[in-house]
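Paired with subunit B in one complex and with subunit C in the other, subunit A is shared by the two complexes that follow.
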Partner chain A sequence: MLAPAILIFLAVQVFPMAFSAGLSLFRWDGLSDPRFIGLDNYLGFLADDSILRGLFLQSLGNNIKLAIFVTLGVVVISIPLAVAMNTVGKRTRGLVRTSLLLPMVTAGIAVFYAWTALLGSDGPVVTLFKLLHIDLLAPNGGWLSDPVLALPGLIAVMIWSGVPYATLLYLSGLQSIDGTLYEAAAIDGAGPWRQLVSITLPLLNPITLIVVVLNLVYAMQSYEMIYLITNGGPSYSTNTVGLLSYNLAFGTIGGGSAQFGTAAAVTWTVTVGMALGYVSARLVAHARRERSLR
Partner chain B sequence: MKSQSRPGSLRIAELGFLAVYVVANVYPFLWMVSTSFKTREQSYLDNGLIPSPITGDAYATVASAINLPQAVANSVLYSGMTLACVLLIYPMAGFVLALIPFRGSNTVFAALVSGLLVPVIVLLVPIVILVQEAHLLNTWLGLLLPTVVAAGPVPLFLMRNYFALLPRDLLDAARIDGANFFGAFRRIYLPLSVPALTTVSILTLVYVWNSYILPSLIISNPDMATLPLALFSLNTSGHPAPSELMAGGLLVILPLIVAFLFLQRYYVAGLTAGATKQ
Partner chain C sequence: MLSIAALVIGTGLVLAGCTTPTGNGADASGKLTIWTFKKEWVPGLEAAGAAYSEKNGGDVTVDVEYFDEANGLYSSKVTAAARGDELPDLLTSYGSQWDYVGGNLYQQLNGKLDDTLANFPSALVDSFVKFNDSTQATCASNPDCTYGDVKIGDYYTLPQISGATGYFYANKDQLEAAGVDPNVAPASWEDLIADVQKTHDALGDAGGAVIPLKIPETGWLWLLRPTLFTQIGAQATADLFADKTGESWKDPAVIRSLAIYDDLSPYWIPSVLQDGIEEADQEFVSGQATWYYGGTFSLAGLVQKGMDPSKLLVFPMPVAAGGELSKLTLRPWASGSIGISKDAKNADLALDFLKFYMSEPGAQAFASKVADTPAVTLPASDSDQSPLTPATAASFGDGEDAYDEFVSYGPTCDAAKTLNNQASVALTGLVTGEQTPESLAGVLADLYQKSWAACE
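Right, the complex of A and B next:
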């Protein structure tokens, strides 16, 4: 009964991963015969090829910026949102919840096109900032063709699409908090603010951990949305590692010929990096727990 | 927290915050709807939410530029086939992993769910090459296989956790009555897992209905284009006005929005299950 899941997993996940690891050691454009070149693909974008190295570092930097700001934005918006939802009446809460579902079920090409237009040269965002005379945030070509504002624009879209799920998680966390804690705190004279800081926020820590991990993974892996909104432009200011790999394999980087080997090497470098990060985070947490037990 | 014990200013701040958020959250959709009913020229320049005049031209243009019935049929076929495979494979696997202890069952579960953490992009290149080598480009099978795996980790995770909450006694009782594992699964556990199956179905449908990159790499035959591919082709085959892009986009997401207004209860419950200890 487990066999179908394992079979299809081996065929479409494990085998391709092994294939891709092997591929990263070859030079192959998909047409001529692949040639074994050892670690040259890795050395290429990590050291030898200065253009590709610059591109890789820039993309990785963008991934890191996305990870930090998207995660931060989502947490900072969704906690007060969930707290507010938890205190208002049932009807209002239902209404807000319905609106939360909209970005979640529609995440895809249609909404990405909408955001492209919303942030575009004559779109509402630029128009609004022009009216307010904040010229810095009203570039003539729109946010997404501006090398400085394109990445913040993407971050805003990602926060917009990440907040709803985080809020639902926080809301379920709030609803599982024992109400008597608040009654006891109120008897001791704690006001709403004090209750929030001393009871609610600490008890939401486990949820925050989930939200942070989900958004970090989301930011590190994101490429479909960025591909559809900016495709890494303008001049690679929104390029990410995933997109770099995609464009090395199927797109425009590298003079039009596919570089499957380098594309695989790039993704493997990041995957191994993320795995190492995960393992070291676990080790640190483990060591800390040991110390606190002693 | 009783709301009447809270100061009025706090209440107003909360309601204000919620109102601002809801507007910011829903605005892109309102803007899409409004823009899709504007004339071509106005959709470039006019950012108001009430179009005047109101026209359905954009929808007519989209309907003539892409084969809409075909794209809808393809999307339904693709989503339906993926859903059928997901529902056939992962509840069964989740059942085994949750209720039938065997050596290494936790390792198998971890390996299968690890797909969640492996960036899809790692698999994209090899999968496209393998599908090509197997001569499955532009076939539903070539698209279906990778999609079923890519969509798999979340359903497996949810199903296994759901089955783990159901009492094991039912399985033992069924075994005593002579049922084998599969019989117990099909007659007892599967009917009990309808809520989890609903959540899995919804998540899978959303994922597949919206997915663009994987189909775009495997399907190039326009007769097999799903709705997202058809919408994208609108962009490459000409210079669509915002009104036309938004009209096309709404046609893609409308079925999802309508479905979710009715199913949201199940959706929310399933999405947050497991995040907090019950």
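Right, the complex of A and C next:
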């Protein structure tokens, strides 16, 4: 009974990963036969090619910034939103939930172009800051043409995209919390803030973990939105590892020749790095738990 | 029993007699499939297909499929089809045809279309059709070159269009509204900047210029390199990129060239860094920019999006005073190489179609639907209304002082593969205000020095 699911899993998850890992050991332009070169693709951009290494590190830095700020933003906005939705009546909650779903169901490309207009030179964001005389936040070319503001602009778009799903997760988590806990706390004199901090947030920890993981993955994998909105510019200020890999694979950055092997090596470097980071974190947490038990 | 057998055999014979013969060029019937990455060429290919079918009185169907390369779709499609032996009869190469040749995607055409080659300018045949010394040298310098077995003189494809990059397009209506003569191209770079300033002052952002800088290489390859070429000359340009210390980038004449490029920075439309080719075309056609910079290939896209060619003033990039050259001469290139794929089901028919398509009637049919210039030499026509014709007549040429955009400058080893992109992105610093010509010269010096060092 499990066989079809396992087969599908192997076909769409395991095979592409294995193929990609294998590809990172070859030089291949997609047209001629692949040529085995061992770890040369990895050594190429980590050691030999200082220019590509610089670009890789800058892209990785952008991914880390996205991961931190998008995750933080989604969690900080979704929790109060879910709490607010949980306190209103059922009918109102239904209406708000429906409107929250809009970003999730709107076609991605329409969303991206809408945000491009919002953050553009004549868009409402720049116009508002011009009216408030905050020139730093009102560049002539709009946020997405400014090397300093382009990444924050993309962070805002990604938070906007991530909040609906996270809010729904938190809302379902809130609705599963036993109401008697709040009654007991109220009897003991705990106010709303105390109840939030001591009951709600700790019980939402599992949901928060899911939201954090999902948004970290989203931020580290981000490519298509950035390709559509800024293509990694201006001045690589919004370039990410995913976009770098795409551009290497299809030759838009490598002098016109597709470089699937190098592209695969770039993504696997980050994947292995993240896996090692996860394992280290688990080991540290395990060691701490052991120490606390003694 | 016998009567049933006779019926079956008889039916089979009748059906066999009704089968349309395929793969026979002389009968000119059957189906051909063609793949292209350029949407604007589809009507031209279909028109050529229809003309071919009509000429032969046969039942030829030419199916043209287009896959947008902007998102890597065409490359993915060709890669997948090549692995599965599912390439079409005729395949257009995106980028260098020799990469496709190296991947064994094409059938060799030596001896099969030799008469047809006479329909092209001989310079184009030598540079872009046949495998030559220069291509061989490029291959030899690249350890990953896949077409090292190709011999001098071999050819596998024929080009569909010819042209060059280095042309300004101006919207005549908007020029007139700003008080600029819509029928006179600026004679110098200084005159151009004065006109751009006038349109910008009169029309605001809509009086500005656009170039698809979301692809930063457009600024570097299309505009800066020809500027350098005209300012410091052919030999100095080659020497600049060959300088392994990178210090030549700090030469005053080079900084002056960067400053000339920077003259346009205040006048690019605000969204220029987010505009790809489609967006730039659309913004120009919809009047959000008065000036557009591109190549001869740009006209087809603009017309396809609704631009009336008669409303365009087209002229080659004018040259700033004080440079080595007084005008920009452009060596035309050929592009859109098309050949018979290794998986062609109707190779003979495809060959016969190519002979027709790359002759005057086929090229005329293509040109009747597409604003691009066919590579096949066509006779001059009084009815030619293309705004490109006077511009190319004034700028196409050959010789030492002709700018050839396909000349490869700088280090070409694997470690320098992202150099062009990095330099292109650094150049956008002039548009964002992060760089001045002087600081940019320093950045480029550092970049080229590191690239040459990585290639040692």
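FYI, the second predicted complex is superposed on the first by the 257 of 294 C-alpha atoms of A that agree within 3 Å, B and C clash if a C-alpha of one lies under 4 Å from a C-alpha of the other, contacts with A are read in each partner's own complex, and residues count from 1 in each chain.
One rule holds for everything that comes next: a contact is a pair of C-beta atoms (placed from the backbone, for glycine too) under 8 Å apart; a residue touches a chain by one contact, two chains touch by 3 or more.
Keep in mind that what you see is a predicted model, and the values were worked out from it rather than measured.
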item: Room on subunit A for both subunit B and subunit C (clash or fit); value: clash
item: First, second, both or neither for A:Pro234, with subunit B first and subunit C second; value: second
item: Partner chain in contact with A:Leu52 - subunit B first, subunit C second, else both or neither; value: second
item: Dominant toucher of subunit A (residue count), subunit B or subunit C; value: B
item: Which superposed partner A:Phe69 touches (first subunit B, second subunit C, both, neither); value: neither
item: Which of subunit B and subunit C A:Gly141 touches, first, second, both or neither; value: second
item: Contacts of A:Gly30 with subunit B and subunit C, given as first, second, both or neither; value: both
item: Touched partner set for A:Phe250, first subunit B, second subunit C, both or neither; value: both
item: Subunit A residues contacted in one complex by subunit B, in the other by subunit C; value: 30, 120, 122, 246, 249-250
item: In the complex, subunit A residues that touch subunit B; value: 1-2, 4-6, 8-9, 11-13, 15-17, 19-20, 23, 30, 77, 80-81, 83-89, 92, 95-111, 113-115, 117-118, 120, 122-124, 127, 160, 163-165, 168-169, 171-173, 176, 179, 182, 186, 192, 195, 206-207, 210, 217, 220-221, 223-224, 227-228, 242, 245-246, 249-250, 260, 263-264, 267-268, 270-271, 274, 278
item: Subunit B residues touching subunit A - in the complex, by the definition given at the top; value: 1, 3, 5-7, 10-11, 14-15, 17-18, 21-22, 24-26, 28-29, 31-32, 35, 44-45, 47, 88-90, 92-93, 95-97, 108, 111-112, 115-130, 145-146, 148-149, 152, 156, 181-182, 185, 206, 209-213, 217, 228, 231-232, 235, 242, 245-246, 248-250, 252-253, 256-257, 259-261, 264, 267-268, 271-272, 275-278
item: Interface residues, subunit A side, partner subunit C - complex; value: 27, 29-32, 35, 44, 48-52, 55, 116, 120-122, 140-142, 144-147, 229-231, 233-236, 246-247, 249-259
item: Of all residues in subunit C, those that touch subunit A in their complex; value: 72, 75, 78-79, 82, 95-96, 99-100, 102-105, 144, 146, 205, 214-216, 270-274, 276, 412, 414-422, 425-426, 428-429, 431-432, 434, 447, 450-451, 454
